[in-house]
Amino acid sequence: MSKPTLTREQIAQRAALELPDGAYVNLGWGIPNLVAAYVPKKFTIHFHSENGILGMGPRSKPGEEDYDLVDAMKVPVTALPGASYFHQADAHAMTRGGHLDVAMLGGLQVSEKGDLANWKVPGQKGSGGIGGAMDIASGSRRLIVCMEHATKDGSPKVVRECTYPLTALECVHTIVTDMAVIDVTREGLVLREVAPGITPEEVQAATGATLMVRGRVPEMNLPPIPAEK
Amino acid sequence: MKDKIYPTLDAAVADVPSGASIFFGGFGGAGFPNNLIRALERQGAAGLTAISNNCGSGEGELSVLFKARRIRRVIASFPGPQSTYFQAQFAAGQVELELVPQGILCERMRAAGAGIFAFFSAVGAGTEIANGKEERTFEGRRAILEQALGADFAFIKAWKADALGNLVYRKAARNFNPIMATAAKTTIVEVDEIVPVGALDPEVIITPSIYVHRIVQAKGLRNV
Amino acid sequence: MKDKIYPTLDAAVADVPSGASIFFGGFGGAGFPNNLIRALERQGAAGLTAISNNCGSGEGELSVLFKARRIRRVIASFPGPQSTYFQAQFAAGQVELELVPQGILCERMRAAGAGIFAFFSAVGAGTEIANGKEERTFEGRRAILEQALGADFAFIKAWKADALGNLVYRKAARNFNPIMATAAKTTIVEVDEIVPVGALDPEVIITPSIYVHRIVQAKGLRNV
Amino acid sequence: MSKPTLTREQIAQRAALELPDGAYVNLGWGIPNLVAAYVPKKFTIHFHSENGILGMGPRSKPGEEDYDLVDAMKVPVTALPGASYFHQADAHAMTRGGHLDVAMLGGLQVSEKGDLANWKVPGQKGSGGIGGAMDIASGSRRLIVCMEHATKDGSPKVVRECTYPLTALECVHTIVTDMAVIDVTREGLVLREVAPGITPEEVQAATGATLMVRGRVPEMNLPPIPAEK
């Protein structure tokens, strides 16, 4: 792939367009964690954090940190008016119980059936760790995976079958990458949009599973990234 | 009535035996019973099973007990890249690890506290987490059977306690603490402040006194 | 964002279809959604499955719907001697009853709301409640498998709501209401008062807004 | 039984002596509901109500009722300093989870193994109802049944096997009746005390199961009932 594809910030920007006004949303590690900054200002999105916050606001300004109010990445955050706190079992009753409208997670592999692998690279050093990903993946009404389309060595991350340890089966609804937006449907993977300047054929060439194309595939309509958040 | 307030951290943990299983509250740097952890390190109990979301951070939190080689087995969701003492001992085969999805970890604790022996959920079905677990289909979804998880002790951190043992927490420092309190034979809490009985609004008490056995007031060593 | 506040009780229940399953909060006269019950009686939906601790009291609470013969099936823990309309219809074979131990009734609801399909507990093992249920032994104790219990609607009563749907309750009027809110496809709450967003302390919110779909302010017809 | 036995108030008075200082206690319908009045004033007993109260106080004085604060019998009560409120699932996590030190329930029959039947009379009219009895009976650390020793027609209520529908198996630790205090042990029923003026032989004659007697059986030491509570 010599053509320029989206930056991580742009993947997040495109993913943000998937959030409907009023949604209850959990954002996971990696690219999803960049998404909140791109929600339209006129929208009310209720951000959930699995350590027991609903209505989480932006990260704290320097000097205003409260270390009792952190997100799932240990970063001090704020609480918006109407926020609530609860314990971790109640927080995961929300994830597992199907109450989150949308969750966004990073991904290592997504299969054509929507299986997700995102917690462990085979052969990696160290203990690994699961965190809340399995609960969130198995329970969310709509799961969007935000990731690069391929690994650093060029291997496809959208594949027929996951070869990495699984996070959850048949859980992914949409994949947003630096090359495309892909929906997981009963019939298989459907290419919904391509990144600016990328062709459907180029996306297919970088993908380890067959993409269905229904008519002309539009380019993503990415608004310009604001100069400052 | 027996007084639940202990004069010192050391007195509160004095009888924890080697080989005990212990819940440790805390998540993301918030709500860790750091003072109780240090008291337990001084006390010397070893061969412990630690049940906690992660496995220490730098020199702080559970790292204190890993560094002193007091933990033989861990049940955790996300040991974490900063759990350097744990990671070294894990790599050397000196500590056992059971990895559990985070929500299932707290739900297994809740089950133990609520008289539930085991439960079926979809989390982990079809993954390596399901290995050795009973699988069954509900409403067309694959589910696995998870067992209740209790412990001998819970070491937790709250913001305020009254002398009866009613607790309130601060913001996201609540996390695992109230659940762990329900599922241990003996729950020991360190708090920033002990307030008079009646000072906590009954509508706002998060951990009712029935779950708390020992209270100790400790200044907050939040992160070390 | 869609407004959760409904202008009238009748608007809040307008789309409840005949044959729906509905949770009704309340216990011992406290925390019953009496105004929503009356609105549903006016609306006319019939053939309902009602899931509630009991089955009405005199002319009030669920008696309103039994009197109007809108309920075909009940899942309850303690119908109660004052549930005169229910008792007459039950004796005449006009309404079905599933009796469930009270704690299991709420735990089955919690399971539905928390993504738990089924759970094993000792309650009811060896009794007629266990008929037809899977039995297994845990730690030497007989246990039976209980299934999650969700519903199409929850009709609940809270004290205050904000416009997002965060709720607080008053004293023992809390009872089944927060659990039912988690386990219904659509949760409709009647409240004494709607307060500005931000007026409820985040530490004190008992039902987070994620569980509430419709809010209606109603003056308290507590008992009729 | 022509000899006078204890009144219901006296059964409650004797049962109250079973409560240790500091205990967390649930009192059920019937005679148990009379017990709270006889707790020694110097004791702190934390009364639990399954509708979501810990630290429940006495019934409200007339004119001071708050109908949002009722006990499991729908009676307006008070809350003591240090009380807390919680929802019904949390209330029964306490009962089922083994957190109550003592529960007291009424009884229709208790078997020599400690099986309890207390929710349904065979052939009774109406729907019957279970309420919280099964949860409380199955989960309490110590269950004390307070009841008359025999039915109105003279049939024993302490029996070899329950013939009424069961509430829970092997759950009863102690039975306090108008004639005796009986402990359920692994070896069988042990007669611990008799009511004033009643002999062990009379208790045995009124009982449908064999009572073990270990040495001399003392009479209950009932304090005089206070004139006013």
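Residue numbering begins at 1 within each chain, and the chains themselves are lettered A, B, C and D in the order written.
Operating definition for what follows: a residue touches a chain if its C-beta (ideal position, glycine included) is under 8 Å from a C-beta of that chain, and two chains touch if they have at least 3 such contacts.
This is a predicted model, so every value here is computed, not measured.
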| item | value |
| --- | --- |
| Chain pair showing more contacts of the two, B-D and A-B | A-B |
| Euclidean distance of C-alpha centroids - subunit A vs subunit C, Å | 35 |
| CA centroid of subunit C to CA centroid of subunit D, Å | 30 |
| Numbers and ranges of subunit C residues touching at least 2 other chains | 107, 110, 114-116, 121-123, 169-171, 202-203 |
| Contacts with two or more other chains, residues of subunit D listed in rising order | 79, 85-86, 92-93, 95-96, 138-139 |
| Graph class of chain-chain contacts, one of line, ring, star, complete, other | other |
| Contact set on subunit C toward subunit B in their complex | 107, 111, 114-123, 138-139, 141, 143, 168-171, 201-204 |
| Complex contact set, residues of subunit B against subunit A | 27-31, 53-55, 76-81, 83, 86-87, 90-91, 97, 99-104, 106-107, 109-110, 121-129, 142, 169-179, 206, 222-223 |
| Residues of subunit D that touch subunit C when the two form their complex | 49-53, 66-74, 79, 85-89, 91-93, 95-96, 115, 125-136, 138-139, 165-169 |
| Subunit A-touching residues of subunit C, taken from the complex the two chains share | 1-2, 110, 112-116, 162, 164, 166, 182, 197-198, 200, 202-203, 205, 208-211 |
| Subunit A to subunit C touching residues, read off their complex | 21-22, 24, 43-44, 46, 48, 54-55, 79, 81-86, 92-100, 138-139 |
